[in-house]
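Multiple structures follow.
Next, two complexes with chain A in common: one pairs it with chain B, the other with chain C.
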Partner chain A sequence: MLTVKHLAKSYDGEKKSLTDVSFSVRPGEVTVIIGPSGAGKTTILRSINQLIRDDDGEILFDSTDMRQLNRSQLRRARTRIGMIFQNYNLIEPLTAIENVLHGCLGTKSNLAGMFSIYSADEKQEALKLLEKVGLRDFAYQQCRNLSGGQEQRVGIARALMQHPKIILCDEPIASLDPKSTITVMDILRNLATAEGISVLINLHQVDIARHYADHVIGINNGQVVFDDATSALTDVAVTNIYRKDANQEGSLMYEL
Partner chain B sequence: MIKPDNPVTLPTQAPTGPHFSIPLRFRDRRRVTILLTLMVLSVITLSTLPLMMPTDFKLSEAVVSFLENIKIMFLQPSLTNTSFMSLLIALGQSILLAFLTTLIGSVIAFFFALASTRRLAPTALILGIQSFMAVIRAIPTVLWVLIYSVVFGLGANAAVIGITFHSVAYLTKVYADSMDELSPDIIDTMQAMGLKKGAIIRQAVIPYLIPSYLSWTFIRFEINFADAIAVGAAAGAGGIGYQLFMSSSFYFNFHEVGVMVYLIMAFAIVLEVISYRLRMMTNSH
Partner chain C sequence: MNSDIQQVTTFFNKKRFRLTVLILILGMAYVGASFGLGFQTQSLLGVQDGMIWLLKNFVPNATSNGYWSEILQQLYRTFLVAVTSTTCAAVVSLFLAILGAKTLTVSKALSWLIRGFSSLMRNIPIVAWAMILLFSFKQNDLTGFLALFFMTLGFLTRAFMETIEDFGTEKIQALQATGATYLQVIFQGLLPEVAVALLTWVLYMIENNVRDATLVGLLTGTGIGFIFNLYFKSLRYGAAGLVVLSVIILVVTVELISNLVGRLLA
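This part shows the complex of A and B:
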């Protein structure tokens, strides 16, 4: 499904943000990436759909290397990769259904995008997806009037509108209250189990990872330090993932 | 009851320590420079004021005649040479001049702004457009109208093109600034879904831009109205500015000037009310 090999990235050319990261994601599984702040979790996620251009390695999505694609090929590949964000990144002045419909614009013409032309089927599907995340009644609400949990669910519906093979989640619950956290994580879990979509999630909460993940990848200081089934994630392993290296001490203040 | 080992004794009065005056800012070079500049300017102003006074000038007489003219203008407005209808038509001409230039200017400026925002355009293009627009902005509108009147002759054509020219430069700058304020995450999100550029502009940029687009365009309309009056006088573009120029400088009919000033003021109040309503409307949703 998705295989990442020897990924490396450095933002300033000197300090390595990622050094030789390799892992793979299987269809229908929830894979969670955990690790301390600044370990490179977001960089990994954003490298997969090439929002960040990495320096070296291979990212095989459906057996094509994302790194080798030209602009229009990359654009087409991205239409099958859903992404949800910590800050939801919805277009707040627009309604929930308009935001969901954005998900299908990637495969439509520029003209359709410029004049908001959607077919009846697409609108029907958008409403169905909103129903699926429990927001059918909010379809015509402006997103700026929705709560955080509701916005994130619109974000999920928008990702699903892309008919994605994989959904990348960049700390999807970091700004949510405990109740919304459970709602959102349950939806994501269900997507993997019931629809066979791969879900790759960056998380800070180890207990959530234990509860929802099939597979856990631990990142520390730009390297994979743990890559195994969730059942193997012992307390010792967690401590190891979150340990501080000697050369990281200097950045402690920043991370606090 | 458990007795604490070290019973806490409260101080009977507030502790008095050494009094430092704690500055809220560093004394940086910028503040010193600003202070020095202001001082120099004050000295120049104070020393120039006495020199500026003309020698054969009687302040008391001048003040009296000034107040006399003010009284004629504002307390005794009346029409003698021109009819009220013709003044209304002239006011309408000025308004239309402002409206036309703002409309054309805002449409052209929108595309220039898209091509010069950090979020969507390459740096070279941004620098090119922004510096070109800065040069145009540096020259006042009235001067542009005069420059164009060399090409088109004095009159409405030069006025329309000159005011539009400056409007484009002004609006490009403010539109591009509002686009720059858009979070880069929003554009990233749209690109991550594989949207094409036209779709991103329409679906993500414009919805966020509408409130500031409306308010900036309206501000420019107010500026253009003022410019239309000035240009009517300076470049013979017609409208109420031309009438104002004729009455005040040719016929010295201050009664008529008063009527015109009141007319312009009335329209300015109407504009203010509309712009307030517009802001309320765009902020409410």
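This part shows the complex of A and C:
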């Protein structure tokens, strides 16, 4: 489904943000990436749909390398990859249904997309998706008036509007309260189990990862240090993923 | 412990010293400039005499009321010039700002070119614009329109560009991630988010241009500026005072309307 091979990235040309990252994601599974802040989790996720241009490696999505695509090919490939964000990144002055319909922009003609000319089917589907995430009654509310948990659910509906094969989730619950966290994670879990969509999630919370993931990838300092079924994620393994190397320890002392 | 307290005291003493020096420098600059200009500070004491003369002569009287219809007519023309120049400039500025904003530009060189252009446009004083354009376009409303247009174009391009850049890349990326095209991202994402902010700038600029249009008219011989000059030079001070009053009323009205519109939009 999705296979990442030898991915490498450096932001300043010297210090490596990612060094040789390889892993794969299977259909219908929830895969969680955990690791300390600054380990490179976001870079990995954003390299997959090429929002960040990496330096080296291979990203095989449906056996085409995302890195080799030209502009229009990349746009077409992106239509099948949903994405949700920590800050939701909805267009706040627009209503929930408008934001959900943004999910089908990639399959529309330029003009139809620019001027919000959506087909009856698309409108119908957007409403159905809002129903699915429990926000049917909020369809005509401006997103700036929604709560964080509601906004994230609109984000999920927008991603689903793309008919994605995979959904990338960049810290989806980092800004949410515990109750919304469970709602959002339950929805994501259900998408994998019931609809066979692959879900790849960046997380900080190990307990959430243990509860929801089928597979866990541990990243430390730009490298994969754990890649196994969730049942193998022992406390020792977690300590190893979150360990600091000598340099980082030194900088921490300074902060204190 | 004592040395710590000593350190804090020294820190505040240094800060006080710097402030004192700054105030002294400003004072010296005033003294130096007065000396250079031959300006006598005590002459400020006589200012009220001049003010009283102004009030006596420029307060509109019974005869100046006969000028209302002419004044209102010219005021209306001036207002139209200000509004049309601002709105035309706003449309062009939006295109330039999108192409020039660092987060959306298609090429860095183009972005710099637009920045340079807008900087040039807005740093030429409106008076210079009017006088330069006067050569080619003579005394008519178009000259005033163009002078205001160019200055506004420079200003709004810059203001729009910064508003657009504040919008950030995250939401742009979120739409790009759905496979949306460049134009779709702009129409579905950027414009809805920044529309209110941009409109606020346009309203501010209309206000500003109503004021400036008076000055430009004075130079180009059109509109309210022209009749002010005419009354003033023919010693009809009461009527000239009425012109000033009418401009103030117009500017305040425009400001009130733009505040109202701003509140309705937010």
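In the analysis below, the second predicted complex is superposed on the first by the 249 of 256 C-alpha atoms of A that agree within 3 Å, B and C clash if a C-alpha of one lies under 4 Å from a C-alpha of the other, contacts with A are read in each partner's own complex, and residues count from 1 in each chain.
By our rule, a residue touches a chain if its C-beta (ideal position, glycine included) is under 8 Å from a C-beta of that chain, and two chains touch if they have at least 3 such contacts.
Predicted model, so just to flag it, every value in this text is computed and none were measured.
Overlaying the two complexes via chain A brings chain B and chain C into a clash. When the two complexes are overlaid on their common chain A, residue A:Gln142 makes contact with chain B while staying clear of chain C. Contacts of A:Gln162 after superposition on the shared chain: both chain B and chain C are touched. When the shared chain is aligned, no partner comes close enough to touch A:Ser180: not chain B, not chain C. Of the two partner chains placed around the shared chain by superposition, chain B and chain C are both touched by A:Ile81. Once the two complexes are overlaid on the shared chain, A:Gly113 sits against chain B and chain C alike.
When the two complexes are laid over each other on chain A, chain A has residues 49, 51, 75-79, 81-83, 85, 87, 89, 91-94, 98, 102-103, 105-108, 110, 113-116, 158, 162 in contact with both chain B and chain C.
Across the interface of their complex, chain A is touched by residues 170-171, 173-181, 183-184, 186-189, 192-193, 195-196 of chain C. Against chain C, the residues of chain A that register as touching in their complex are 46, 49, 51, 75-79, 81-83, 85, 87, 89-94, 98, 102-108, 110, 113-116, 158, 162. Chain A makes touch with chain B in their complex at residues 49, 51, 75-79, 81-83, 85, 87, 89, 91-94, 98, 102-103, 105-108, 110-116, 142, 158, 162. Within the complex formed with chain A, the residues of chain B that make contact are 183, 185-186, 188-204, 207-208, 210, 285.
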